[in-house]
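Heads up, the next two complexes both have chain A, just with different partners, chain B and then chain C.
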Partner chain A sequence: MTALPTYHRRMPTFWWLRKRTYFVFVMRELSSIFIAWFVLFLLLFVKAVGRGETAYHDFLDWAASPVVVALNVVAAVFLVVHTITWFNLTPQAMDLRVGRRPVPAAAVIAAQYAGLLVVSAVVWWLVRS
Partner chain B sequence: MTSTQDRQETGTISVQVMRYRPDRSTPPILQEYDVPLRKEWTVLDALNHVKNEIDPTLSFRWSCRMGICGSCGMNVQGEPRLTCGAFLSDYAPGPIRVEPLANFPVIRDLVIDMADFMAKLPRVKPWIIRDDAPDDAEADGEIDGEYLQTPEELEAYKQFSMCINCMLCYAACPVYGLDPDFVGPAAIALAERYDLDSRDRGARERLDVLIEHEGVWGCTFVGECTRVCPKHVDPAGAIQRYKLKAANQSLRAWLLPRGGAR
Partner chain C sequence: MTKRRVEPLVWLMFSGGGVTAATVLPVLVALFAFAFPLGWIDAPDYGHVRAVVQNPLTILVLLGVFAVMLVHAAHRFRYTLYDGLQVKHQVLVALLCYGGAAAMTMMALIVLAAPL
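Right, the complex of A and B next:
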């Protein structure tokens, strides 16, 4: 086939600011960095607990410093974004059926929140007792 | 014929059309045309009005005017649309910006080069793959009979078979925009359409193509393909389901090296 002389348009660097849905997508992708931060934070916490009382108190002092508190607030916001966006996408990725009938999307999303609630309750109960 | 009174004309609307003339070797420019703002007119009607009454040099593709041929896809106000289904009144008072489908090279004005899509489509083998004869074929090996199917079996893939190859999903997909090697939404949805078909036996062959990095794993689930699809095919859903299937198969092949792969 003859190659046609064509004009190639380049995607602008800030393409994700041009549409709300693109922006939400990029924020969703970005949120995983903050999820990773929380995992690291938790591991550091467990390590501090393992090393004894002084290390534990040092960790608490560090965690209460303004920079870490600010970072954790931002991370918590992204955690919510992460949870909501991925829960909303699950029914599209999973073709669940009961018998022949497809499970309604709302039921799949509700089941995830129910699961989150149960896990949170168990964690809360563990921490309290 | 429509009489003048029947036409619900309420002034004019400005249409800004992106124009690229390969013979002039200059970057595309926006050219503005004023067209009658009629209640029943679509963007495609406006373009045809421009071509017939104002500027015959304007180039664009169209055919059926009823959302089934998939020829008239363009970016209207930055959004990939079938122009035969995009009504002028929805963009009033205007102006309406009409550009060629994003992410494709432009041949001239609103005409894009679809060679890349045409090359990708057959790679996923979007046809029924069988090595045996149909149920009612003659014993002499002639393959021209039917493969029977129940309504439930039809229902399993029907949604994905509604694709009209209009390429709006490719124009909406930032992954394809950034990495043109990505197989893309419509092709993967079509692969899923044949995988889900009870008459087909080609899932294994398609998996070999789609399991590569440029296949399903290139997709980051932006979901915009599904939002712009005029036929509600849901390519994003098809791709994620394919990922689940592929992951399942890999896991099974790893756990059951001899009996896992089916």
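Right, the complex of A and C next:
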């Protein structure tokens, strides 16, 4: 197959700094890298728990060191952005209906926050009991 | 052709991982990245944490949760590089993103399944 000569206008690398909405879009997408970081962080925690009591306390000390706390603060801000934007986008991506009537967007968003609370309570109960 | 058949599955895992990250990750981060290390709440004693983490059901759930969040992150970061940062080495970017997710999922399997 012959490739058709198509015209691609070169986008400047920092096109997303021109408008606030573009910037917010790229920040939202960048949350992905911080989610991957938290997976790695939790894996290190699980690994430490597997290695014994000393490793567990060493992990907690390491996690309290300034560099790690700073990184986690930044990552947590991105995680909050992810959670809020994800919940807000869900009613736009899903066409939920009860019978034939569409479920209002606000109800879908509220249901997700309720889910977040339930999951948080279960994790809290598991960790603390 | 095969790429077309894989694409919907990746998007499905992207969505699943997005929901998981939005609902499960905040509490885990609040507890294990802040509250326990910084002493806002007394960290649970080792024996209890070990029992919870090494419970087969926890291992299974964590493996699923981690895997799906890693695919979510890889997929989204891939498009951030394409569209956001205008990185045009498409095949290389895809390989690095999904390869990274696959490698970390393998690591998760090894770490989580170790006590079994």
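Definition applied: the second predicted complex is superposed on the first by the 119 of 129 C-alpha atoms of A that agree within 3 Å, B and C clash if a C-alpha of one lies under 4 Å from a C-alpha of the other, contacts with A are read in each partner's own complex, and residues count from 1 in each chain.
Going forward, a contact is a pair of C-beta atoms (placed from the backbone, for glycine too) under 8 Å apart; a residue touches a chain by one contact, two chains touch by 3 or more.
As the structure is a computational prediction, the values presented were derived from the model and not from experiment.
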First, second, both or neither for A:67, with chain B first and chain C second: neither
Chain B versus chain C as contact partner of A:106, first or second or both or neither: neither
Which partner, chain B or chain C, touches more chain A residues: C
Partner chain(s) touched by A:98 [first = chain B, second = chain C, both, neither]: neither
First, second, both or neither for A:42, with chain B first and chain C second: second
Which superposed partner A:15 touches (first chain B, second chain C, both, neither): both
Contacts of A:32 with chain B and chain C, given as first, second, both or neither: second
Touched partner set for A:6, first chain B, second chain C, both or neither: first
Intersection of chain A interface sets (partners chain B, chain C): 11, 15-16, 25, 29, 93
Chain A-touching residues of chain B, taken from the complex the two chains share: 20, 22, 27-28, 78, 102-103, 105-107, 113, 115, 152, 174, 177-178, 220-224, 226-227, 234, 236-237, 240-241, 243-244
Contact footprint of chain B on chain A as seen in their complex: 1, 4-9, 11, 15-16, 18-19, 21-22, 25, 29, 89, 92-95, 100
Of chain C, residues touching chain A in the complex: 15, 17-19, 21-34, 36-39, 43-44, 46, 48-50, 52-54, 58, 62, 66, 69-70, 72-77, 79-80, 83-86, 100-101, 104, 107-108, 111-112, 114-115
Of all residues in chain A, those that touch chain C in their complex: 11-13, 15-16, 25-26, 29-33, 35-36, 38-43, 45-47, 49-50, 53, 56-57, 60-61, 63-64, 69, 72, 75-76, 79-80, 82-83, 86-87, 90, 93, 112, 115-116, 119-120, 123-124, 126-129
